[in-house]
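Labels run A, B, C, D and E following the written order; every chain starts at residue 1.
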Amino acid sequence: MEILISIKPLLTVLVPLLVIPILVSSSQKPNVREAWIFGAGFVMFFLVASMVPAVLSGSKIVFTLFELAPGADIAFQVDGLGMLFALVAGSLYIVTSLYSIGYMRGLKEHGQTRFVSFFALAISATMGAAFSANLLTLYLFYEILSLATYPLVAHHEDAKSRISARRYLVFILGTSIGLVLPAMIYCYHVTGTLAFSTAGIFAGQLSKPAATVLLLMFVFGFAKAGIMPFHSWLPAAMVAPTPVSALLHAVAVVKVGVFSIVRVITGIFGVDLLAHFNLGVVVMVIASFTIIVSSCIALSQDELKRRLAFSTISQLSYIVFGVALLSPSGQLGGVIHILMHAFGKITLFFCAGAIFVATGKKYISQMKGLGRQMPVTFAAFFIGSLGVIGLPPTGGFYSKWNLILGTLEAGQTIFMVVLLVSSFLNAFYFLPIVYQAFFGKGKDDLSGARVKIQEANLCLVLPLAITALASIGLFFFPQMFVDLITLGLNL
Amino acid sequence: MKFFGFVIVCLTGGLLLYGTMDLPDWGDPGSPASTHLSDYYIEHIVEETQVPNLVTAVLADYRGYDTMFETAVVFCAGLACFLLLRDFRPKKDRYFRHVPTGVMLHFKNPQTRLIAGNEFEHMDKDWVPSDMIIKTVCRILIPFIQIYALYVVAHGDFSPGGGFQGGVIFGSSLILMAISYNLKTLVKRVTEKFLSVFAALGVLIYVGLGVAAMLMGGHFLDYGMLAPLLPSDPGHIRALGMLGVEIGVGIAVMAVMVIIYINIVSEGRHDEGL
Amino acid sequence: MLWPIDLIVLTFVIFCAIAAITVRDLLGTAILFSAYSFLMCLLWAVMGAVDVAFTEASVGAGVSTVFLVAAVFRTSRRTKD
Amino acid sequence: MSDILPLIVAKYNFWLYIILMMIGLYAMIAKNNLMKKLVGMNIFQTAIILFYVSIGYKHGATIPIIQGGHGGHSAHDAVIHAADYINPLPHVLMLTAIVVSVATFGVAMALCVRIYQRYQTLEEDELRMRVSERITHE
Amino acid sequence: MNNMPAILVLAPLLGAFFACLAAWIQKQLSYYIALAAMAVSCFAAVSVLTDVITSGTMQYRMAGWAPPMGIELRIDLLNAMVLVLISAIAFVNLVASVKNVEQEISDRAPSFYVMYLLFVVGLLGVTATGDLFNLYVLIEITSLTSYTLIALGDKDRAPLAALNYIFIGVIGASFYLLGVGYLYITTGSLNMADVAVILKGIQGSSAVLTAFILCILGVWIKMALFPLHVWLPNAYAFAPVGFARVVAPLMTKVMVYVMVRLMVTVFGLEYIFETLNLADAVVWLAVTAILAGAFTALFQKDLKKMLAYIIVCEIGYMVGGAWLGNSLGMTGAILHILNDGLMTFALFLAVGNIIYMRRQTAFSDLSGLFAAMPWTMAGFVLAGLSIIGVPPTCGFFSKWYLVLGAFEAGAYHFAAALIISSLVCAVLFFKVFEICFFEADSGAGDHNPAKVITEAPVSMLASLGLVSVAIIAAGIYAGTIVDTIILPFLQ
């Protein structure tokens, strides 16, 4: 494998960071400010995209920033896995920015400069996490991300957001400091390195109990992944403005959590070690539990965003589940679900926000017949739902297909049942919304008069249309991403 | 608290007792403390510095750096008393005595002024007619005490004593003045500005001598380097340096002792005291 | 032999020390403390530490006592313990 | 018995300094009156000085002022024996320590006066009571 | 001959006396003299540090006498680092605190500066000296000045706190002095290097053990290690801000330095960890200190008090790290001297700014601070995160070494205490952040909803900004600091 040294990964992280002072200084001129956001977004995306050919050709881009101790430095590395994640985050950042402008201006929110600044900080940290070369760097950006999202969650500055923000922080910071940090330092203590390697870093230095404890500390410690019982921050954080929810759930926060778990399983422990100790099953059990339980909870939620939140929790566990299968197809399916779910779920959140901005409605029971009023939005919602359920013609089908294939490959037939059951549950909690929206009769419809089309403004509709189309597009052209994952995981 | 204190005290005492087990016997001439550095000092000091009082030599030369900080500590104490207690507000109650008649006047309003010329005398609240014998004896004694203090400072190289002791004695002579007469007499003669300037000046003399040595190309406080500045026998230069330093210490200590006394006894008002 | 004198003075010193912290009159404490310092200074003179003894005589028995008396004058003289 | 006496003679100075130190320390910790504590503090410090001075003492030696050294020059002729003079170093250290202790004493005294101005008492328990009263009044 | 080591200590000393004299001419003059003196000292410290790094340990003979006859200043990598820390913090604080001093003790400001300089002289001297008794004298200077300056704070309670501090401080210093006496009687020398050489031959002696215990106990009392900490919270909380800002970060750190110096240079690690069996007990003590400090801080209702207890907790870190008995732990402890100095300084700078604007620091007075003083709060947040141990702030990296050291020594209870205290600190700080963020300022009044920014003066903000940058820089360059300063020192 060829190693290239390049400053590009660092630049990718720095671009959104450096734009923050400009954002703050131009807080009086919203248009200028937003122009800068897009500028930064595009520059960042092109930086990421410019590295794709190199990564696809099998080389690895590395850059070491500072050395803390041998084997534990602040360093960047771009491999297939990181590239996949960076592409997702980079592209969705632009879309989300567009959306958030529409949303925030539409609702005349306060503190918009603060909002966009921390948004930029969050995306910077996400990029950093994607390009981390070792666990220490990953942890660093993980923590920055936690703190950068805190003001976003607390944006409304009222009692409700205070409680949510507190819960968010207790779970995220508590687990990362209380579980990940000691686990990470212990790893370093045992092996003297934290750099990711597909073979794992423990060369037979761990006993099975120690490995189990460490693995569990990591899996639960990266609470952003929403593995039960450390999931309850996610529904609570729904008080945040919708673009934040989109960011939290689809782009940055939860995906960084899952990404971290994937990194730990594939890069720190290594597939062979886990297979040797048969620890994949442990993780799979935990993940399956989360999948089923949270799907059931989602069924009972009336608030649209909360339903989406619980859906996210279960979908995240798919990814963990897939990686823990330890079989090539399973891992491929799990990791590519990061991408597929991101596009599907962000579409759903965009729709929820658009509905809220246009009509002020938050509850599913209020949405009967709304589809005729907002056809584009609900069409996108339908596509997004398909993507999350895993039905063609959306990308979600591809990941679910591979996951099921993976269970068979690994010989874990019983877990295939879990996947199927949860898919049914998914369908149960999404499709009725769409059905009711188009065919149900709301209070306003009793008169039978023909409803006028009342979409939200263009800034809101455009992004959700784009992501919905992208979701379909991914069904037809997943090959590049598959290549990235294959390279990244050495499948 | 008493019991708690007792336990701690016993523990400490026990620890110290345990420590004494291995100590060399008291007065043992062969103990490490009496041989290692001590021998060097005793055998070489006169040769190196020409000061027969070993304590002064070590104090002002070999460990002059310590002594400089010791003086700084004294200065600190004086400044601390000033900072903590000094109170510039005028006192509400004032007492005056009409000298010819001996009648006491009590003023409660700070604004009132007395214009009756020199016949009135500002008095302390707890004023008692002063004792002629004490006043006279002290008046005679004080100059002698002061001369003795100067002697102690100047003769520190040869006999017990030195800047610190001399300074304290000089300071006590001033305090004696305050006690035998009253505080105002002292404050009139030795003003606050005088004292604070002297306190700082004393330490400055010390540090200044050291810095001068440094400027002459030596180490800090290396009096030997001052030879070109002072018209003296080069062998004797260290003794002279020490004398200079001792004078500085004496000045500072004298001033600080008076400052502390004045501030404590008058609660920082500088008006009346013992 | 030096140690019998030494021992006697030491006993006095201890006596003064205990008295100084137990007397209920603070002025008494000041004077006892002065006596303590003076005895201490004797002890040191006996042991050959003339400079230290000199200092203790002027500081401990002299100025410190004056400070203590001055402070007692400005505060209260009686105490409960 | 014949063994114990030399031991006592050899060590009693150290033991007595320990007793003095314990008295001082006890006064500092357990006494209620701030002035008493200050006196205890001074006793504690003088005890330490006593310890140092005892270190310096040497049987058969005299005070650390060189005999015949008056004027400095004659000393060159006579040979100086280290065993004839007491170790000057502890004395030097203790001069410094005394000065430090009197400085601390002065500052502590000033603080006592200041506390008395504010609370009209120097008894610790009463002080504690008045401080907490003040807090509850707020 | 290089006079820099002497100048470093002498500049503030001379400055103090000149400032005292100058105050009779013009009051303002003394401040400028103090500033100039500190600038010179700071410059000298930096120059000494660079010299020591390039050409090794520096020795400066006071009065030209060779050690052990005379006193020497012996500056190696460790104290060079601490010297730079002290002089830099003292200098920056002088710049930052002018306004505070004017506000709090306007009538005797010149005397305050004189005392301040003497305090710094004491700290610098303690750090630079190579003589055991000289150390005592200098400790007394710092103590005496700090008693006085603390008593100048809160009119009602500061004198009491200061008097308490005097009693305990005198006990501490006297214990140290006694310890030196025992060392002197057994070795006959006072020079650290000389004593160390002689001690090698008489390690079994009970007198040496007593000396060691007494010295360490004395230093512990001075640094406020847990059961001996009772004086600290009140003293630091009631001190005037201009002084609290410098005593809180420096005093305890310098005492930790003294402890490390005694352990490494005088008694030797071999003696402590191989001959004595105290290390385990001390680490347990440190664990108690950490937990007690952290949990007591939880119950405080005043920001300054809370910070004071956090200091108690941080002292536990350093003592524990130093007593782990391996080079990693020692590295962590030494690194934490630097880092904790910076963090505490930044916190107190922010507190000073708050006090300058609001006069009070009870939690109920902190509402609406984020809106009113955004820059100050930014600095405060950063420092708080550093205390919690979030990368890339410097607090994380010292914690990293400490936990590693704990693992290596098998002291899992110490690692657990570190992690728990991090969590508790997170709770503490986010409690404060929440109050400052969510609760509107009651003083602003309801009829004036527009948020008015009432920031502290520029000099204060600039200082805080500088220190914030230093916190990040110390974090990023932690590896460099360890490689160039701490590891060579420990060898």
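By definition in this document, contacts are C-beta pairs under 8 Å (C-beta built on N, C-alpha and C of every residue); 3 or more make two chains touch, one makes a residue touch a chain.
As the structure is a computational prediction, the values presented were derived from the model and not from experiment.
When the partners of chain B are compared with those of chain D, the chains appearing in both lists are C, E. Distance from the centre of chain D peaks at A, each centre being the average of the chain's Cα atoms. Measuring from the average of all protein CA coordinates, the nearest chain centre is that of E. The chain with its Cα centre farthest from the Cα centre of chain C is A. For the pairs B-E and A-E, the larger set of C-beta contacts lies at B-E.
If you average the Cα atoms of chain A and of chain E, the two centres end up 43 Å apart.
A separation of 29 Å divides the Cα centre of chain D from that of chain E. Chain B and chain C have Cα centroids separated by 19 Å.
The distance from the centre of chain A to the centre of chain D, with each centre set as the mean of the Cα atoms, comes to 70 Å.
Each of the following residues of chain B touches two or more other chains: 16, 20, 23, 31, 33-35, 37-38, 41, 53, 55, 63, 66, 70, 73, 76-77, 80, 84, 160, 164, 260, 264, 267.
Multi-chain contact residues of chain D, defined as those touching 2 or more other chains: 9, 12-13, 19, 21, 25-26, 54-58, 61, 63-65, 89-91, 93, 95-96, 99-100, 102-104, 106-107, 109, 111-114.
Counting partner chains per residue, chain A shows two or more touched chains at no residue at all.
Chain pairs that touch one another are A-E, B-C, B-D, B-E, C-D, D-E. By the touch rule above, chain B contacts chain D in their complex via residues 1-2, 4-6, 8-10, 12-13, 16-17, 20, 23, 25-29, 31, 33-35, 37-39, 41-43, 45-47, 50-55, 57-59, 63, 66-67, 70, 73-74, 76-78, 80-81, 84-85, 158-160, 164, 236, 239, 260, 263-264, 267. Residues 15-16, 18-24, 31-38, 40-41, 61-66, 69-70, 72-73, 75-77, 79-80, 82-84, 86, 88, 193, 196-197, 199-201, 203-204, 207, 210-211, 214, 217-225 of chain B are the ones that touch chain E when the two sit in their complex.
Those residues of chain E whose C-beta lies close enough to touch chain A in the complex are 385, 388-392, 396-397, 400, 403-404, 407-408, 415-416, 419-420, 422-423, 426, 430, 434, 437-438, 476-480, 482-483.
Taken in their complex, chain C has these residues touching chain B: 50-51, 53-55, 58-59, 62-63, 66-67, 69-71, 73-74.
Across the interface of their complex, chain B is touched by residues 9-15, 18-19, 21-22, 25-26, 29-30, 54-61, 63-66, 69-70, 72-73, 75-76, 80, 82-85, 87-93, 95-96, 99-100, 102-104, 106-107, 109-111, 113-114, 117 of chain D.
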